[in-house]
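Quick heads-up: structures coming right below.
In what follows, chain A forms one complex with chain B and a second complex with chain C.
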Partner chain A sequence: MKNKQHMPLFHVAKRASIKWYYAFLIRAAAILLALVAAGIITTVLTGLNPFKVFGALFTGAFGSKRKLWVLLRDIAVMLCIAIALTPAYKMRFWNIGGEGQVLIGALAAALTMILLGNVVPHAVLILIMTAASVLAGAVWGVIPALFKAKWNTNETLFTLMMNYVATQITAFFIIIFEVPKGAGQIGIINQSTNAGWFPALFGNQYLLTILIVLILTVMIFFYLKYSKHGYEISVVGESERTARYIGIKVERVIIRTMALSGAICGIAGLLLVGGINHTITTSLVGGRGFTAVMVAWLAKFNPFTMIATSFLIVFMQNGAGEISTAFGLNKAFSDIITGIILFFIIACEFFINYRIVWNRRERKEEM
Partner chain B sequence: MEYRVPAVRMQNISKTFGSIVANDHAELTVYRGEILALLGENGSGKTTLMNMLAGIYYPDEGQIFIDGEEAVIASPHDAYKYGIGMIHQHFKLVDVLSAAENVALGLKEKGRLNLKKVAERITELCDQYGFELDPWEKIYNMSVSEKQTVEIIKVLYRGADILILDEPTAVLTPQETEKLFTVLRNMRSDDKAIIIITHKMNEVEELSDRVAVLRKGAYVGDMLTKDTNAEEMSGMLVGHPVELSIERPDPVDPKPRIVVEGLTVRNEEGLLKLDDVSFTANTGEILGIAGISGSGQKELLEAIAGLQPVEKGSIRYIRDDGTEDELTLKDPLTIQKMGVSLSFVPEDRLGMGLVGSMDITENMMLRSYRRGNSLFLDQKNPHKLAAEVVKDLSVNTPNLETPVRRLSGGNVQKVLVGREIASAPTVLLTAYAVRGLDINSSYMIYELINRQKAAGVAVVYVGEDLDVLLELSDRILVLCDGRVSGILPGRGADKKEVGLMMTRIRKEAADEE
Partner chain C sequence: MKKIIAFLLAAVMCLSLAACGGNGAPASKDGGESQAKIKAGFIFLHDENSTYDLNFINGMKEACEALGIEYISKTNIPEGQECYDAAMDLVDNGCGIIFADSFGHEDFMIQAAKESPNVQFCHATGTKAHTEGLKNYHNAFASIYEGRFLAGVAAGMKLNEMIESGKITADKAKIGYVGAFTYAEVISGYTSFFLGARSICPSATMEVTFTGSWYDETKEKEGATKLIDDNCVLISQHADSMGAPTACENAGIPNVSYNGSTKSVAPKTFIVSSRIDWAPYFKYAIECARDGKAIEADWTGTIKTGSVKLTDVNTDVAAAGTVEKLAEIQKKLEDGSLEVFDLKTFTVDGAALPNDHKADVDTDADYTPDTVVVENGAFKESKFRSAPYFDLTIDGITLLDTAF
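Take a look at the complex of A and B:
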């Protein structure tokens, strides 16, 4: 019996499968726990009533009709970047260059608006902008893919560095086209003519953007799940040796997939410029190229699940912004809250994949 | 018989992984001074049971007694405390370190590390049990059998007197196996308890004192080796009587199908793996390839399949009408498009032949997904094929949607072989087709291969079990260090002779060809 103290209290075992409602329950519990933890932290650090603070989270996200549309618009952009990255990640190509690919697409759209704004009809202009953005994003995606395919360079570093190149190129063009001279920014492009601005649908200027992203999401879902290309992407991602064994040209798949990934990032850039901001700055993408990686991972690369994960993340970002303004706290505090909640949501995946087995020893009282 | 306290007694041990029951109230007893052979089909829970003894898994239920005292083994460290050491199928050594350094890794001795002392002790152990090992040799310079020796020394060094060996002979030549057995017998005389997991009946009969059988995770029974025979043991582990003989029908009208001439291949590091290899594979015939693992078997098959760059030489494919096609330096897709139906069952099943995370249907698609002009996949036909393979080869799987990674080794191989045969090949290349497979699955694979031969397929069979190679092959090509040391007729070939040819080039044999 002297060994008893060595017996581990519990051990971890992998789950074969989990019922959907059980997984849902775990996630709900995680969010609840996250709110409790965030509440305690709020009270300790600021002395505020946590319920009021959480209330502000909701008013920040859904508080008015305008806020609601902004929320939907931001979800659309996040979702667009996430589905753009998905084919690359399915192929195990660690594309963290979404930021740059979106920005370069946005730059292409902005330059087209500036240069051709008063030259061609509006409809033609939007078509040219689309082509320019898609092409620019695709090129930005293909460059690291080419190097990976030909010389097996590390795509993580390569795509990361391409972000900085994109930022600097954008900065360069901003100075060239700055309005007024010396302002260091471009300002709203074609404000008087609205040339290259996406038309409002049913009186709403964001609706078109949202619809485009939804259509893209459905297309990517079918592309990945049911097309021959999608199948090749999965095989290459799971095992390059298997891919070669059955005669898939791995290099070609890598380049093709990154062209697609970059092109959709380019579309996200187009939406930001043509559909939403009508201007370009170096911080236009604002880190969403990175956040989208998390959105895609959390959704396990299922485009439809990404609607939910991008909602979750955008909701918290927009809501947390309200907390800092409403209570006069600085921006860092809302980041703390967002961080805590995300931590719990990601950590709960462990309990979905594994179960904890408590070791109980039957008591042998009769002995 | 007098009562002895067993070194290990496992009682009522259960372990489940998700919905899969690996062990179901299993038992096991082993005494000191005894070699126990643990038998069971693939997926019968042998390795899991042993992993619980070695502290890698923790049982969900049940008790373990060491020398009569209840023991709690929650980690490999605990296992060492009880003197239990396990030699795994896949070696866990650091390639760039020497034998002595590998042994010293993870030791928790007080004071500074004294490698010299470690090396001395290793030499002592070697002398005591009859190993041959240079403690200062780097692992990457070692043969598979030397690496295994390091693994065994590693556990002996830690004072293990209960040893578990998981399929130790799977990677050894007959001569190396014989040496290992001598060592194990020496350990038995030294009063150590030894458990050996194996699929090879002749080894069980030759080496063990007692046999314990597991079936579907549960304990079936045990018996003294001298009181039983291979047929009885096989019947016990399968659950019904089995026939243990491999058919070898005479080849019908063999004609050259693949002609390889002067094939020379270097691997990525520039090392010569095949040196001037020439042979012909005939239709309706099984050409067995014998050799120590790493003698160029992999490169040979991959070169034919179009996966290995060829430095010199040619590979030609001869059609039924006598026309010839050059296969040299063609990639797999080109070969397929030329209308050459070549099937290849590679050694690395999950890393090359299949995609582990995909289900059976998706794996069937690997060969056929390109068919048709549609942009989208045809899922219907692969699904039908998957259902057929599962039924015809009695693949044990919960359903067609289970990732193949979750299937046991034998079932994985059935899926792979089933797919490769389904394309009605004219050439079938197989590498270690029965490695890690239990008796039942192995004989099923032999039968499938024989059926292909009867259908006129040119079969190239790379194997490691010489007994099987000698029973199955019509002709045997022996490779030694990338060169052909001879091609013999399979009927009447002598095991010892083939074993010797595997380790040195026999000039006369090569000349005779």
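Take a look at the complex of A and C:
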């Protein structure tokens, strides 16, 4: 150490703003670096040509007309959960109970299908299912909100715990309605009558689901941006004290917003059961309640940007499956690739929010 | 957002160019085969880390390589819409016959079969083919109760050895069994195993615990440990992970396994394992589909036809003379002189089963018993449909929990 005063090589400074092309360049560089890193790891670990492996990613997501529809369907579900979580996050209410809220909505829809499948006409059944799912999801969202508003409990832990409660309740009902006895599964509900199944639009099974989510996305965008409720949500999110000072009833906003958040999660559950799976299992949501947190966050809580972020995540998940099929690799390997790419994409946000300032003089001296 | 989309589009173009450039048509595996071509598709619930799926994967490789055909497999397909997606994707890829290995795949396979009438769908362990009436949907299973019975004989020999050596007294010959669900396939499995053990060691009793999952390493390990703590002196299981064998190896308790040898994780406690060899069925079904012949709606392979197998006996652990005894009993099973579910050998609630006992063979939501399954003084398992339907709790077996 020659220098008495050691100066670090660089320091980090917050960016006031960033030009759009600059942000674009950073993201592009991150994805490029991610592909290079993933490529090196692929070659080192498997000896395969990384371009072929990446190619499989694309075939897996876009390879056929059916895959394209599956991709759109899965994006719709992911997007639906992400926009459901958004109002709560805008309010800085850390709802990580999306998983449970979706599952309980799905359970409500499934139970309605089982119990009323042959009792009421098809259209009425779908209406009852919708009401049941929305109500169940809203209740699951309101419970932690009530406790937060009244007793200031920790909403992160509370919503997380509610996930496990939802899973256990679902497991309980699966055992009640299992077919055949002891099998631990319900199977496709109303397979012969299709009662409670969403109708196909223009011959496509998933189109209705996709349209519902698109409409919801637009609605949430306007709700958050232009409505009085939306404004109240952002004020409460910025500062509860300010909100109180200007006469916003904070408790009411928390409960109302979580009811909305839970209700839309309930709709996601409805879509999963009525529109897609036609069955209920404890793993129906499959972690999407958590992945959606990342989708919403990456999009900075803008519902339209979430279309792009959910596309990104679902594209990689659907594409990754093809890697194991095409190359006989374990699924864990495609998870590694997905993980690397996501890591780079998330990490690059750091360089968009901050800049690195090189401490020039120091470097010259040392050289 | 635009930026992300723009970049992704650019990336798509670059990579698809790369993919197109490097990707020649996949060469067929066998070169010139003059026979009609068929491509087979396989759907697995887990991957090779599950003993159950590994057993199927091995069968797939053996059958397809013997027939010299191209095949595609999809692993880690859950029992939901993903199964339907996978099946339809295999159809899109030109598969003429598609297999699925897990019970919960059934409804989704039926859905796919209804939509693709020109493709054959074969579902292992399912129950609905004989009532669904689809020409292109089929179930298959094997008379695994014969293998279980033999594995039970090996367990009975071990119990006798422990009694003779004074390690335990005859009344302490209690077996522990880790089951998945209270489902007929599991019940039939542990009952035939127990009957095999009791045919050798008459004082044997058994306790059963359920995990509520076909594959849950932690729960299976905990279940086995619970049974060992409850003074069970030998453990067997019907669940697909290494959980129970590992627990047995740690505690030094002999283990009779399922789906294949678990000797690698339990060299000091593994005795023998029964398993279904799926290769004969795969060969049969693929050949039928290739030659345009009808596939049976319910196909049941037996020990005689090579569909039910025992692994090599681990002679370090098994009682002396086990190999010879197993060969002797197997011969009796094959020539029909021994019935596994002989009504004389077991009672339910203190009474023998009546000659007109009915079981729930045609699956329905109310579990209605619909078919007489007793013939010539024996419960005829896997005769009226391929999947097991023996779902009675016989005297001598105690269920510790029936939550699942």
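Here, the second predicted complex is superposed on the first by the 354 of 367 C-alpha atoms of A that agree within 3 Å, B and C clash if a C-alpha of one lies under 4 Å from a C-alpha of the other, contacts with A are read in each partner's own complex, and residues count from 1 in each chain.
Keep this in mind: contacts are C-beta pairs under 8 Å (C-beta built on N, C-alpha and C of every residue); 3 or more make two chains touch, one makes a residue touch a chain.
Everything numeric here is computed off the predicted structure, so don't read it as measured data.
Asks: Just from the overlay, do chain B and chain C fit on chain A, or is there a clash?
Replies: fit
Asks: Let me test your reading of the model: by the given contact rule, A:T325 touches which partner, first (chain B), second (chain C), both or neither?
Replies: second
Asks: Would you sort A:R27 into first (chain B), second (chain C), both or neither based on which partner it touches?
Replies: It touches chain C, and chain B stays clear.
Asks: Once the two complexes are aligned on chain A, which partner has more residues of chain A within touching range, chain B or chain C?
Replies: With both complexes superposed on chain A, more residues of chain A are touched by C.
Asks: May I ask you to decide whether A:Y231 touches chain B, chain C, both, or neither, giving the answer as first, second, both or neither?
Replies: It touches chain B, and chain C stays clear.
Asks: Between the centres of chain B and chain C, viewed from chain A's Cα centre, what angle do you get? Round it to the nearest 10 degrees, please.
Replies: Once the two structures are overlaid, it is 140 degrees.
Asks: Does chain B (first) or chain C (second) touch A:N152, or do both, or does neither?
Replies: neither
Asks: Please indicate which partner A:Y245 is in contact with in the superposed arrangement: first for chain B, second for chain C, both, or neither.
Replies: In the superposed model, A:Y245 contacts chain B only, not chain C.
Asks: By the touch definition at the top of the document, which applies to A:G182: first (chain B), second (chain C), both, or neither?
Replies: In the superposition, A:G182 contacts chain C only.
Asks: After overlaying the two complexes, what is the shortest C-alpha distance between chain B and chain C, in Å?
Replies: It comes out at 21 Å between the closest C-alpha atoms.
Asks: Taking the contacts chain A makes with chain B in one complex and with chain C in the other, which residues are shared?
Replies: The answer is that chain A has no such residue.
Asks: Quick check: in the complex, which residue numbers of chain C touch chain A?
Replies: Residues 1, 3-8, 11-12, 15-16, 18-20, 22-23, 47-48, 72-76, 78-81, 85, 88-89, 92, 103-104, 106-108, 110-111, 127, 180-184, 186-187, 212-213, 360, 363-365, 367, 391, 403-404.
Asks: Please name which positions on chain B make contact with chain A in the complex.
Replies: Within the complex, chain B contacts chain A at residues 16-20, 58, 60, 69-72, 74, 78, 305, 307, 331-336, 344, 346, 348, 351-358, 362, 365-367, 369-370, 374-377, 379, 406.
Asks: Which bits of chain A are touching chain C when the two form their complex?
Replies: 20, 23-24, 27-28, 31, 35, 49, 51-52, 54-59, 62, 64, 66-67, 70, 171, 175, 177, 179-185, 187-188, 191, 276-279, 281, 283-284, 286, 299, 302, 304-305, 307-309, 311-312, 315, 321, 324-325, 328, 330-331
Asks: Touching chain B in the complex: which residues of chain A?
Replies: Counting only chain A, the residues touching chain B are 1, 3-4, 6-8, 11, 13-17, 226-231, 234-235, 238-239, 241-242, 244-249, 357, 359.
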